[in-house]
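The structure appears below as structure tokens.
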Amino acid sequence: MRHLAFFISEALIGIKRSALMMFIAVVTIMVTLLVFGLFLLMSANVNNLAQFISSKLEVRVFLNETITRRDIEDFQIKIAQMPHVKSVIFVDKKDAWALFKGSFSNMTLSDLVSENPLPHALKVVLSNNEYIKDVAMQISTHKEYSSDVAYGGVIAERMSAFSAWLSFVGVVLVVFLTVATLFIIVNTIRLTVINRQDEIEIMSLVGATPGFISGPFIIEGLLLGGGSSFISMVLLRFFYDFFARRFQEALPYFPLVFQSSVLNEIYFFVFLLGAILGVLGAYISISKLLKETV
Amino acid sequence: MRHLAFFISEALIGIKRSALMMFIAVVTIMVTLLVFGLFLLMSANVNNLAQFISSKLEVRVFLNETITRRDIEDFQIKIAQMPHVKSVIFVDKKDAWALFKGSFSNMTLSDLVSENPLPHALKVVLSNNEYIKDVAMQISTHKEYSSDVAYGGVIAERMSAFSAWLSFVGVVLVVFLTVATLFIIVNTIRLTVINRQDEIEIMSLVGATPGFISGPFIIEGLLLGGGSSFISMVLLRFFYDFFARRFQEALPYFPLVFQSSVLNEIYFFVFLLGAILGVLGAYISISKLLKETV
Amino acid sequence: MIRIKNVRKEYASGLVALDGVDFRIQKNEFVYLVGASGAGKSTLLRLMFRSEHPTEGEIFIDNFSLNNLKEKQVPYLRRSIGFVFQDFKLLPKRTVYENVAFALRFYNYSRSRIRRQVSQVLELVNLSSKMHHLPSQLSGGEQQRICIARAIVNNPPILLADEPTGSLDPDTSWEIMQLLSKINARQTTVIVATHNKGIVDDIRKRVVALEKGKIIRDQQLGAYDA
Amino acid sequence: MIRIKNVRKEYASGLVALDGVDFRIQKNEFVYLVGASGAGKSTLLRLMFRSEHPTEGEIFIDNFSLNNLKEKQVPYLRRSIGFVFQDFKLLPKRTVYENVAFALRFYNYSRSRIRRQVSQVLELVNLSSKMHHLPSQLSGGEQQRICIARAIVNNPPILLADEPTGSLDPDTSWEIMQLLSKINARQTTVIVATHNKGIVDDIRKRVVALEKGKIIRDQQLGAYDA
């Protein structure tokens, strides 16, 4: 406890007496974490978009005109028991036709086709759209209920593949960015510590143990990393709130991430990363230097 | 000339005798530029995607059944003379129906609607899709030729707005990333220079002019920045070639950027930025330090 | 008791700084180490302080071989040895007070005890008025005196002083050497590497003379020159 | 000719290091500056070198006031003054050779001329064998001698030496002082701040004594003590 107080006071002296260097380090770390946080926010949104795209995919089973309500219910249960199926919903042909006409309002389809050409249908939503084709195939074997199963065909497959890739790219980028952030922050801290190599040697010469020398530097790393990341957290939050609101106003249908649970997780992660990397950077540099000085 | 040779040899000595510090700086700069280059490549692709989406938009003019071939040609010319119109192409109703049936192959539309319900049409492509609604309106005033003009409605407007936003976000991010890269690189160089504040003071004490002191540091900044950015340029190129090929194989329809002119421009820009920021960082730090030391 | 046993020191550059150095220093002895520039005085002191390692031979402090000392124990060795460095080695960003107090931070001393001890020792070297200056704001001699203050602040059983009067005028040098004698009288082994002929000849003690890394003279109550 | 005109130096800390200092030094004179630790010797030398500015008063070198010197001209002033720093101020990452050669880099000298001059001067201070060592690989006295070599390598018209024998044994000190006398005889004004009573008393020259920032004695062929 005594030591901790000493470490903190020494760390504060160190920061105060090397103000310019510390300022430069703080700006660097802050900017790095800002980029990182931005990437995280983007990636969360990309992921969200991927899920959104994916959630729009479904298998539509057009039912034979001849079957009864009982048959339909049986069929619904059968489908629901298939693997990867999340839900099976009955769509009345009247509703379907109204919707269809609505979404092609510009084409005067109703003039061309006066009678409702659509049959009743089932809307099948999957838990994992990768299997959309397989499920569609399996359903289409039940010729007794349905002779026509649609799953969006090529488009659906593309959408599903694209959304999978989006998620993958997101993960790759986040991993890469994390590594990059790690390098930049750790290196920045290392440069500030190398700068005081002489001091470290002197401390060791007057009888300070490695732990005693490291303590203040590690606290300093924590303050530097934590302080910088706190600033970037606040800026990030402000920036996203501002920017996302504009974006949403312009594109209200776009599925932006607004859940504060997800966002707060990102903000907190940025803060935590800064603090941890600050400590890690200080620890790595100080250990290396201590090994070099006898 | 004599001085330049001296500066270079001094810079090389400086780099050699502070190897660890220089190594740390090089890694930091390299990683930063890697992130920056990645962002540029992503942004080029996003822009490309935005253009691609935009290019898919069109106005479709369904022609009245009664008009003659001559009338159609007149109408084509009229439309072509409207502002923002890039091209007007005639689509035979047989082709349109075949295409329509093809893209809905899973729905047995042809069973439901036995006769081709579509009229002849004109496909109008715009030079700027922001005006798609206006153009559609203007065309639809010509009731003598067409009573039905479709432009994708809400979807088209959304797509157009989305692609505009994509481009805008891309620009904002590139600007932000450029500033961030600038900060990180300049600051990294500054930390390496501050580290040798004592040396600078001594040089000034033994009669070196500011220019004489700065020379080697600026060359050092150039070598550091240029060297690091060269490495990141090579890595970036390798990475993109590898990754984009995979991506394209998985999603062959996705409009990835592969023109080597665009890519080389990006790679070169990354290299140039590294070299310039290296020099700038050295220049800023050395000037500040020289002002402080008497 | 310090025992230097057949020590040879060859630096990485190939230069042999010490060769066949072998002698003992009794508890509470006062020894001058003399010799021309580059004779190996500082090297010898650094070996006892374990900031250099002998290439051959061994050094014992209180019958404990430094060769067997574990890396972890080095700080504790150093706390029991006061060292006045030839190049001062002051923490550049710490005030005079902080520099001297640093050597007391390792102990669980109360704040007031630290303040008392530091003030006392700064009084001894005549630097109380400069307590809150940074080393860069001091004259050469003042810096040297802080270094002396730091070395003696905790009454270490051994004091190694490398040229402790190099930046001091004759009067101040005299005072400092009197101080070291007084410390020696209070049960501290003192070894002083020095070029100060006046002092060595006036305050007679044991003299060990080095020449090119070898002992050429070891004389009780000796003079600077043979 | 150097003219110190009624100079007062007050540091930012409020400490008055020099007060009412007023004297002249003729061309080719040899002057000892003596005084206790903290008397203001280094401060006075730094003022002549323009690495500090006087709070009041003026300093003239060859009838040119340093107060009127433009920032841009400072390096040229410094090239005409050799300065032996009390704390050496060697470039830590340059070898002995590079440190000394650095002062010649400003001139359009040929590579071979630089090599010749540096070798000569290193010979004079007896360090030819250490040419490719870094300062950290040298003994205290060796570092001091590089600093001397660097100051005299280009035969400057003025030589300011701050405690140039502080880390040197009496014999080497004597040699170095002989060297400075020889340089003085070759048309160089030499000012030496020193505590070395033996040297000052043996090689008699003009002595200027400072006490707490004031001149208390100015004596031709004086001794260290009044």
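Order of writing sets the chain letters: A, B, C and D. Residues in each chain are counted from 1.
Keep this in mind: contacts are C-beta pairs under 8 Å (C-beta built on N, C-alpha and C of every residue); 3 or more make two chains touch, one makes a residue touch a chain.
Predicted model, so just to flag it, every value in this text is computed and none were measured.
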**Item:** Chains linked by the largest number of contacting C-beta pairs
**Value:** A-B
**Item:** Approximate Å spacing (C-alpha centroids) for the pair chain A, chain C
**Value:** 61
**Message:** Quick check: how many Å separate the C-alpha centres of chain C and chain D?
**Reply:** 28
**Asked** If you average the Cα atoms of chain A and of chain B to get two centres, how far apart are those centres in Å?
**Response** 22
**chain B residues counted as touching two or more neighbouring chains** = none
**Prompt:** In chain D, which residues are in touch with two or more of the other chains?
**Reply:** none
**Message:** Which category does the touching pattern between chains fall into here: line, ring, star, complete, or other?
**Reply:** ring
**Message:** Going by the touch definition at the top, which pairs of chains touch each other?
**Reply:** A-B, A-C, B-D, C-D
**Request:** Report the residues of chain D in contact with chain C in the complex, numbered from low to high.
**Result:** 11, 13, 34-38, 42-43, 86-87, 133, 137-142, 145, 162-163, 166-173, 195, 197-198, 224
**Message:** Touching residues of chain D toward chain B in the complex: what are they?
**Reply:** 49-53, 72, 74-76, 78-79, 83, 85, 89-94, 98, 102-103, 105-106, 108, 150
**Item:** Residues of chain A touching chain C in the complex
**Value:** 2, 6, 13-14, 17-18, 198-199, 201-210, 212, 294
**Residue numbers on chain B that touch chain A, as the complex places them** = 20-21, 24-25, 27-28, 31-32, 34-35, 38, 62, 105-108, 112-113, 117-118, 147-153, 158, 161-162, 165, 169, 173, 176-177, 179-180, 183-184, 187-188, 190-192, 194-195, 247, 250-251, 253-254
